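Input: one structure, supplied below.
Per-chain numbering from 1; labels A, B, C, D, E and F assigned in written order.
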């Protein structure tokens, strides 16, 4: 497909975008393409990352959640695979491997989460996420009961649903705009990091 | 379904939420439920409405678009109907009737946009929105060409896709959380307003 | 779409069709398009309305049913929405609002009957109607048991299935022939009627 | 599945039903079950067979059609197979074999009409019938053009659509009520009839 | 469709293929087309029939199974109908009629196995076969439990799954290569064989 | 899911299976689980691998093909992902990376082959493979023409279809029997091999 929406040039961006992007680069060692792909429209960029952080890093907005970082990335990887979103499966699969410290889990949930080596609690979480992803209009009280049985409360359930919904947005934008995942993501978390000496 | 996420009490909300909500109430004559339903989580509320405004009111963020207000609400109503989202079909159907000044159009596109009384340009716009809604992973250059033929440029196409993607998020949250549309929406734009004298 | 099957001219119709149509016009204040759209073929017209009346007005053929007028129109509106039939959703949605005396219920069931403000008995009725609409070949004894639990007997179940099946026919004809709903239907039952003095 | 709607006893039926059924028995050598399965409700029975005859035997209501008897039964067999209706595939498959004088054609179109030994004109007819069967809401002018190219006019197209729609009704009723095809149908038209001497 | 892969000429085939084919012809009275359609590629031919025999005639490889010959052909006919494979439905439907000594059963399971005149054990067997056919990735322990309840052990379950999987392969090859069933199959098992005197 | 079909113990296997498995182990450095998972049934094992080799290593049976080793593994990885088969996506994705010498390509085609970095010829090949995988019954001459335009001849097309069909069988067996991919596969072909000195 043609490149229609080229990555933004960092130097031309508003200062707040630039600052955040440099901060990410410092931490990750590279700039994930989503930061430059969305920057053409700064207002949407700000809203996107504010929403992202509110859901994926709840402590950053003064909220706690019973979902772990690994749980959240597992939701993203699984539902993004259902939506066939190359960028999100590759980028969030990398984070999932790292947070869960399980180098095989991302490929497992991306291909078939039902056969993945995860806990029954995570399986229930993903069953619900997939229902939100594919047929949210059919949700009812029985979905909540199934999750309560695994210790999730209604705020956790909101988290699962909102993360799925937010990345459903992200998946659609990445797909139509042909956003490529950075090559760095493909290998992250697959091999043990060497200890810094 | 049980009420699990009750509407927030306006008086307990942070000032910026309160201000925006009172402003909306002033303008609309009532507070659309989405404003109170999401307010339990202020950080998500802020991101949601910032994103909403950046897409649905581009002038508010210093951007222009070839999509009219009516075009935008037509995208929302059509794709929300495909997602079977009661809140969004009813609320945005009301806005669609008002902006397009066509009291029948919202019901038409919600039931079957292919049989609606709209322009060929709007039909092409909705065909693309539906593809983003249901199978964004299959988009390719031919989708862009079909829209260029009707005068849409690549930024307009981003608008169509992003609006669809954003309301896909909104649809999923409204459905699982059982957000009811305000009764006021059902009748708005169906009968001629009396002129103020 | 082109107009391929124009509405019949009342004056050229056989007397029995004419009589029935004038009777409807007298009662409703206008002639619903379906009466003129099908009249090009009088034999099919007669069979269609005979079938319609046998199912929707059982007393007219000497039969009683536990389904109310509102129940029946709710089945029609819900399954016609699943079939994306503009004519039937709009026309029968109007009747549903009137019979149930609930101005919001037609839009609710048309968008997502699972989230509509209806009784558990009506919900069970619609679940079965939707199964007949979409996958009748999968029906079995468990479907009957679910309905018996809500007080429906086997004759009521025949009613639900036959109404769904009949309007499945109607939906297909209205869609392919591009039958437009009369503008009058869109507003019927939404605003309280003024009492005749 | 339980027998919930037993076949009617011929002797208890209204005279007009009885007469028609005896006439059919005289001609076919047996009473096809549909005649007794629907007779419990005489008003619906009359409408059903009036509709059936108006579409499947147009000469009986003073109308001619470019569809042959074989064409009509081919539409019924193909779309009833898509609806997985045992009664209609078996009963109308038998008629199809007889009218087309092709003992293999019914099994061919029931399994996969795309691989059947039929004419390109019949293939186009079945493509349209299947669209009416499965997604009538998506029909548009291009469907008509495809059929015009094979010599069908708009009245023929109405026939194809209406036959498909009517048997969609019939399929749903036969399936939910578990109507069994008479054993006689399975073999009809498969072996050459012996000439009467 | 064009003939792209003509049936092989028996005389040009390797001796082992020729021998097996002549043996089949001797037994059946004709050569089923699949033997000549695949023979263009002897290595694939040998693997295909070795696999076929290992599953469909386990005694030939020194294995026993709780599935009867009729059970196996019923699985093939049902799942091949779901895959719309003309060759396999017709050819294996013939064998099913013969092994089960039930002239109606093949048409029943091909059209709608849920309404067929089969045992509850066979129904459970077909439910599982259909799940393997259409969504094998969703299988889990509950599928095994449902089959154990009918007396199937895990080796029988392997048989059901492997037969379904093997004919899924066969269905795809027969469909894309347009393999026609021999006319002889259509009538086999429908009429009582005359006893040899 | 429970382990129902444990991997076979190499020492208990027939000599020909043992020999082949030791040969594979020698070459790969480990025994891929499929060899031990299927060995419980030696006749099926032999047929499976004979079929596999005839399609995936045509030179081994004296045949040449215009498909490269990479092409073949790309078909397997893409269609196995559509079938959500964990074993095949992981194992054949590894081979695909190695043969194509492209460490990213397997993840790309597994998530969304339409967005993968492949040639237009490979894209056409995968479009056809996906049609065979999901709706082989709909194939017709236009599918062949699309492939001829990219230089594939009818024998190549047979290869694409047969590989897809064979791995459809493999996918179903691996899924229902819960066959786990060896951990070694996940990393193969992702990092440059060190040269042997």
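The rule is short, and it goes like this: a residue touches a chain if its C-beta (ideal position, glycine included) is under 8 Å from a C-beta of that chain, and two chains touch if they have at least 3 such contacts.
Every value quoted in this text rests on a predicted model; they were computed, and no experiment measured them.
Trainee: Which chain lies the greatest distance away from subunit C when centres are computed from Cα atoms alone?
Mentor: Looking at centroid distances, F is the chain farthest away.
Trainee: Regarding the subunit A and subunit B pair, does the interface count as same (over half of residue numbers shared) or different (under half shared)?
Mentor: Mostly the same residues.
Trainee: With chain centres taken as the means of their Cα atoms, state the distance from subunit C to subunit F in Å.
Mentor: Distance between chain centres, rounded to whole Å: 53 Å.
Trainee: If you average the Cα atoms of subunit B and of subunit F to get two centres, how far apart are those centres in Å?
Mentor: About 45 Å, centre to centre.
Trainee: Return the distance between the CA-based centres of subunit D and subunit E, expressed in whole Å.
Mentor: The computed centroid separation for subunit D versus subunit E comes out at 30 Å.
Trainee: Quick one: which residues in subunit B touch 2 or more of the other chains?
Mentor: In subunit B, the residues touching two or more other chains are 1, 84-85, 112, 115, 137, 140, 175.
Trainee: Indicate which of the five shapes (line, ring, star, complete, other) describes how the chains touch one another.
Mentor: Topology of touching chains reads as other, fitting no named class.
Trainee: Taking all chains into account, which pairs touch?
Mentor: A-B, A-C, A-E, A-F, B-C, B-D, B-F, C-D, C-E, D-E, D-F, E-F
Trainee: Spell out the part of subunit F that touches subunit E in their complex, as residue ranges.
Mentor: It comes out as residues 1-2, 4-5, 41-44, 46-48, 50-51, 53-55, 61-63, 83-85, 132-133, 136-137, 139-141, 143-144, 154, 157-158, 161-162, 164-166, 168-173, 175-177.
Trainee: For subunit B, which residues count as touching subunit D in their complex?
Mentor: For subunit B paired with subunit D, touching residues are 112, 114-115.
Trainee: Spell out the part of subunit D that touches subunit E in their complex, as residue ranges.
Mentor: 1, 81, 84-86, 89-90, 103-104, 107-108, 110-112, 115-116, 175, 178, 183, 186-187, 190-191
Trainee: List the residues on subunit A that touch subunit C in their complex, please.
Mentor: Against subunit C, subunit A makes touches at 137-138, 140.
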